[in-house]
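Below you'll find the structures, each written out as structure tokens.
Next come two complexes, and both contain chain A; in the first it sits with chain B, in the second with chain C.
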Partner chain A sequence: MEKKSPLQLKNISMTFPGVKALNNVSFTAHQGEVLGLVGVNGAGKSTMMNILGGLLQPDKGSEIIINGESVKIKNPRVAEDLGIAFIQQEVAAFETMNVYENVLASDFDKWRKNRSPFLNKKAMKEEVRKHLATLDCYIDVDTPTHSLTVGEKQMVQIARALSQGGQILLFDEPTASLSDHETQKLFEIINNLRTQGYIIFYISHYLDEIFEMCDRVVALRDGQKTGEAPISEINKEKLVDMMIGHFVETTERKNSRDKDDIILRAENITGVKFPRNISFDLHKGEILGVWGLLGSGRSELFNTLLGFDKMVEGTISFNQNGELCEINHKDLYQHVGYLTEGRHHNGVFLDMTIAENITSSDLDRFASKGIGILNNRKEKEESRKYMKQVNVKAVDENMIVSKLSGGNQQKVIISKWMLKDPDILFMDEPTKGVDVGAKAEIQNLIFDRSEKGVSFVVVSSELEEIMNLCDRIIVIAEGKLVGEVNRDDFSKEALMAGIVKQEEKVENEQVQVG
Partner chain B sequence: MKTNKFKLDNIFQYSTYIVLALIFIVFTIGSDKFLTHKNVYTTMFNGGPLILITCAVTFSLLVGVIDLSVGAMGYASGCLAGILIKNYDAPIVLAFLAGIALATFIGWINSVFIVKLKMNAMLVSMGMMLIIRAIAKIITHDKTISLFSLSFLRQAKIKALGGFPILLLVVFFIVLVCNIVLKQTPFGRKLLAVGSNETVAKNVGINTDRIKSAALIICGAICGIAGCFWVITLGSVVVTGLVSYEFLAIAAAVLGGTSLLGGRGSFYPGSFIGALILLFIASGMAIMGISPYAIPFVRGVIIFIAMYVDSLRHKAMMLA
Partner chain C sequence: MVLDRIKFFGQRNKQLLGMLGAIAVMLLVLSISVENFMTWTNITNLLAQVAPIAFMATGITFVLITKGMDISGPAVMAASSVIAVAFITSFKVITAVHLISGCMILLLAGGFFGFINGLAIAKLKMVPLVVTLSMMTVATGLATVLGGARGLPTIPSAYANFFNKYTVIVMVILISSALDFLLTGTSFGRKVYYIGNKEETARISGINTDNVILIVYIICGICAALAGIVNVAIISTARASMGPQSQILDVVSAAVIGGVSVQGGKGRVRDACLGAFLIVGVNNVMNLIGVSDYFTTLIKGSIIIFAMGISSFRQFYFSRIRA
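Right after this comes the complex of A and B.
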């Protein structure tokens, strides 16, 4: 390996129409160091990574110095040649190809047999095995990629980065889709790479990960560098302070309300696979948590209840004028809002404006009586009101949603449902991929609305969050209701108890069958 | 925060106007007969069917459906009206209404196949096109139906405006109504929403199937009107009537900035100006005595340019 001086970034600025995404940010990365890049959604982390990866061009006056030479990263190809490799949040793999083809996908031409048009598969496999071995990962290189786990696909992605001769590795939220076990494995690999002298950037919303993995952190806020410190010299409070400037406190949930009116009663809800025979009551103004491990059928419960998946059996009753009456999915949907899990797939209209997104949940309200002409001014006014309430960061309400950061998009979705003002709001992972500050804001908003009589049903994988938020939690395992815990008795053990029992039961059954 | 307000976005917004203006400038220099009342009016009047069919196909494109049967639906409408007038002495208004009703009905059948039965839109509408053409051929025995009784409609003109054809007002009116429906009503917004992302639309409580069906039925109805207009402008029903108009109309709509994937587009300026661009290219080239075989070639080039501009616009929108 040739001698390498550190990577230097000098006065990096980036201007988008109307927004200064980065403003004179400078820092240095050293060899054999994991540098954490932290900041809330929209602080400029992704912009910074995209500049390094060659996807965006910084403003004039910005300078990137690698190996003592000032370089211009015009496109991803140049980035690759400079040894910069990007490991993205969403694992990107060619599902229909084999592992070795995936790893070497960026440059097949290099692998032709003696300049003939044929690929030298033997040499390719040899090369890929070498890189996988560096990662301590021994997947068969002929395995079709679609049969790999998410974690293994991530390994393939990292191997690809190494095969491109990457010396500077950018990890953007690498653990977002990994299991605990896979995360530990990834950490080992990153540690391993660190000792081998790679320059590693690490972006994550999970502060624990930052403290575990990084040697040094650089904090960004509103496009400016707000702090830089070796990790050993700071603590969590200090870090959050650098990221958001102030600490958004979450209000403590007041005493669980008395059990007054039941607003929704679900009985024996059964879907095609999940859920199985689930019954529960929801009270007015209550925040009900639905907790279970991944794949336990939480989202399926929502989808079945609201009529997006087929309901095989079950009755739903809804409180109308003080009486519980049976109701069909379609009428029920008039009274509810549904914040779904996958933001990009089924959350927002990416190519429409903020205002259009917000008003889409209740358009008829803005139409005149009779022939129904939309009142655009009123639409925009209302949208502005909600944007202010939930603190959406944007130029104005006419901005296209795809230009917003993830957290802000989530806030737009929440505004949309607030505008409809439903009796019940179903939320599937409301704060996933949202930063600390926005998380607290969303939580406060839920509290505030529930005070006003709106009921919430919330799914969250984060135990701490759901225990903070909810009045009552029902626990689901394998599509069945296995437990119910009230706020006073919240604890990890209490929630897990039902799940453990369910698993034992299944095992026993299997033993009996066996 | 108001910096950069004047940017590429604005240029893109007016790109269709710019192209149309360029065409006018080029042909006005090329021939002194181009920019005359007579030529401009005749081109628009004879192009009425294309303008209307472009509006029709825009409805289907907005919800992400590429309807290839638009030309044939217009043809069916005009053909029925012509037969009723010629063979059964039906009152003209009634005959036209029957034609429009037929096209609307065909639009409904399309919607059943495409929306209810979830069949592939492009192939369903292509099949529909073939079937309509075949039936019409059998019924008319491949013969031209001449309709002299309609010439008074063709000749109705406003003298004060240098001979402005009165029926052209109908075309303008329909474009205007379509535009208001799209921009100012919940229905229009829902069209965009369904085209933009059907899952999200369903999720916010929009009855996506109903909106899509409505779009296809309206598409049929407007094609029906276009068909009547075509019969009037031509004064006869010929078998080759409105052939390959589906492609011209889709091209015009896309020229006007309507997305083939749905969720983005407009009637004015979009589809209207898009159609005018194609019409005036043909008219200008004819006046200058350029070979008629060159017209599709030039139209093709213009479409390539428009698509390139569109891809730039899309990139600017999604990335910036």
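Right after this comes the complex of A and C.
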């Protein structure tokens, strides 16, 4: 019984037009274990999950064996019947419906009262409470889903997987949008499920999480399995080696810029809600970090500064020909690049080619005077040049962007702003959802450009990354500037200090009001 | 090598090839079922008949690619025509100068209606369908009022003589080719596609999306006015009923059959014009074979659903491969 292995994957291959996404991958998942699936973007992890979830059909010769029987997962419904449940990266829920309706959304039919069209709501709620209780999660089943936190929504999703009788749970980057506290909670639940004998797949870019959670890891690279080992037998270096084959080193930042020439001065920037009264200077060639917790108004600061959100108050000055003079949003944007946080929401044109995406930041450069006839050949040549510089992995510049992996899409956006060659590049979470290799590449690019005099303003949730990257970090909380730390004084404590102080203040105010 | 290039062209122009195939089938049916169909007169007549729908389909292609909608086309066409004809016939002696300035006024009026639509949609962020629905009603009302109870007098035959069927055919080919190039070969056109694909991204990329959308609706208005120029030549006057509101169905179907996506971001003027040819052609086939009007609408509707079905299926199929 001990050695029974209910899920076996044999020689899984998957061919997309022009790419072999998976090549003869075989491994086994045992009951009651958390199996980590690691690999860089485009290694084939998502493809593997999509095959298990029934969204993709593998090539001939692939075999999936569950409980000793060979199965074909033709569509998501079949996957569900086999007990495979997918907990997605971006939490998907019916926002306007209640918790219990969400949990049982996939089989309302079971809950009809005596085959009448009416639903037995009492029994439904009871059932949902039961599932939530196994997760140690006691939210009211009548709450509308949109009022839940991201973490709670994820619990709802897990409860839904359990209610479908799921035996094999696939977690794809489950902690990407969770707070530290919620992450801990999730880990407890996963541990709990492990002891109950579920098979759990765990995909994450955070290596620490892999080491904390998983019993065993399978590493993929370019569609091939490059390693498989119990987690206790390997260390971080070994794992990274399995994932990328070579170790990409991040160069150390040489802090050599003289502090005289200010390129941008923001004074009293105030938006409708956030930010509140933020002022800062940005020097030429400097990498300025903006650090704060989720929801502290970091993205709002960028949007307000660049004129996408309404600026209630504040002045912006920009260095033109050696003199700081006041500038409006529109003129400022001529000199600025803006890499946003929501890649799919406002970062790329998904259904257009790589070349068309890259040239969108400065299209007029490729247009003739007058009616603006586009020079397609020049457009493609330039795109190729930047794809090479930023190391975008693709067949050619005519490839549709939606076919690229997340990391490569991010690199396309970076190429796009490199092409515009701005004086200042605002980056909101530049390495979100990007693998270790690409992360290092992106950091090196930022260093390289800043040496050439481009200034950067970077938001990142990862403390280590922001401390490695920046010359100076400003700390914001509740939309206010609460601290500034120079590179020599970087430490987690120094960065957190301002935030803690601010939170205590807010708590005290609330106590007084209460 | 040559084969490869043909294959590549075919892959990139599936829509065009499909359209040409459908048109060939239609012409084949016509030439078999109707005696002496393939005469120069018949073909040129058919082409000239396509013109108004083709112009309006050209305009709406721009709008649809930005994910917008403009159903005021026929009404705007009628209103602009009535304004122009009222202007021309207000003179006792009508000379060529009056006719030419009349045409200018017609185009300006169309552009102005489009400008109002665009202003409401781009700057005030109103819903395109609601804005253009109101514009349709307003324009029809305006045409009725200006047209008067007894209708406008006719204009000199010199106008119709100048805008004969050959002129009209040349106009359609030249103008739609020019607009096709504007869409596919210039930076303005590229921006239209950017907006249709993802407006937010376009804005972040530094594109003045409001202005582009405004211009797109002006183009749509002017295209409706061009259809007006042709229609005035046919009836030698103008009245509100020359642009029945139901005609917008033919216009939108022409574009959709031509592969213009209602979800934005896809399509070409060239294919939309071929779609117009197909729609008008099917009308003619039915007429000539002697099918009753009721059946004609039924069959036309089925063709549209079929065309949209194919394009959705294609999208569904490819999205599965990509996922």
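Methods note: the second predicted complex is superposed on the first by the 493 of 514 C-alpha atoms of A that agree within 3 Å, B and C clash if a C-alpha of one lies under 4 Å from a C-alpha of the other, contacts with A are read in each partner's own complex, and residues count from 1 in each chain.
Keep this in mind: a contact is a pair of C-beta atoms (placed from the backbone, for glycine too) under 8 Å apart; a residue touches a chain by one contact, two chains touch by 3 or more.
Quick caveat, the model's predicted, so the values are computed rather than measured.
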| item | value |
| --- | --- |
| Combined model on chain A: chain C and chain B, fit or clash | clash |
| Touched partner set for A:352, first chain B, second chain C, both or neither | both |
| First (chain B), second (chain C), both or neither touched by A:363 | both |
| Touched partner set for A:395, first chain B, second chain C, both or neither | first |
| Touched partner set for A:403, first chain B, second chain C, both or neither | both |
| First, second, both or neither for A:315, with chain B first and chain C second | neither |
| First (chain B), second (chain C), both or neither touched by A:277 | neither |
| Chain B versus chain C as contact partner of A:179, first or second or both or neither | neither |
| Which of chain B and chain C A:16 touches, first, second, both or neither | both |
| Set of chain A residues, in rising order, touched by both chain B and chain C | 16-17, 308, 333-334, 338, 340, 345-352, 356, 360-361, 363-364, 366-367, 371-374, 402-403, 416, 420 |
| Of chain C, residues touching chain A in the complex | 182, 185-188, 190-191, 193-194, 197-198, 200-207, 265-266, 320-323 |
| Residue ranges of chain A touching chain C (in the complex, touch as defined) | 16-17, 50, 55-56, 308, 333-334, 338, 340, 345-352, 356, 360-364, 366-367, 371-374, 402-403, 416, 420 |
| Contacting residues of chain B [partner chain A, same complex] | 1-5, 7, 9, 180, 183-190, 192-193, 196-197, 199-206, 263-264, 317-318, 320 |
| Touch list for chain A against partner chain B, complex | 15-19, 308, 333-334, 338, 340, 345-352, 356, 359-361, 363-364, 366-367, 371-374, 376, 395, 400, 402-403, 416, 420 |
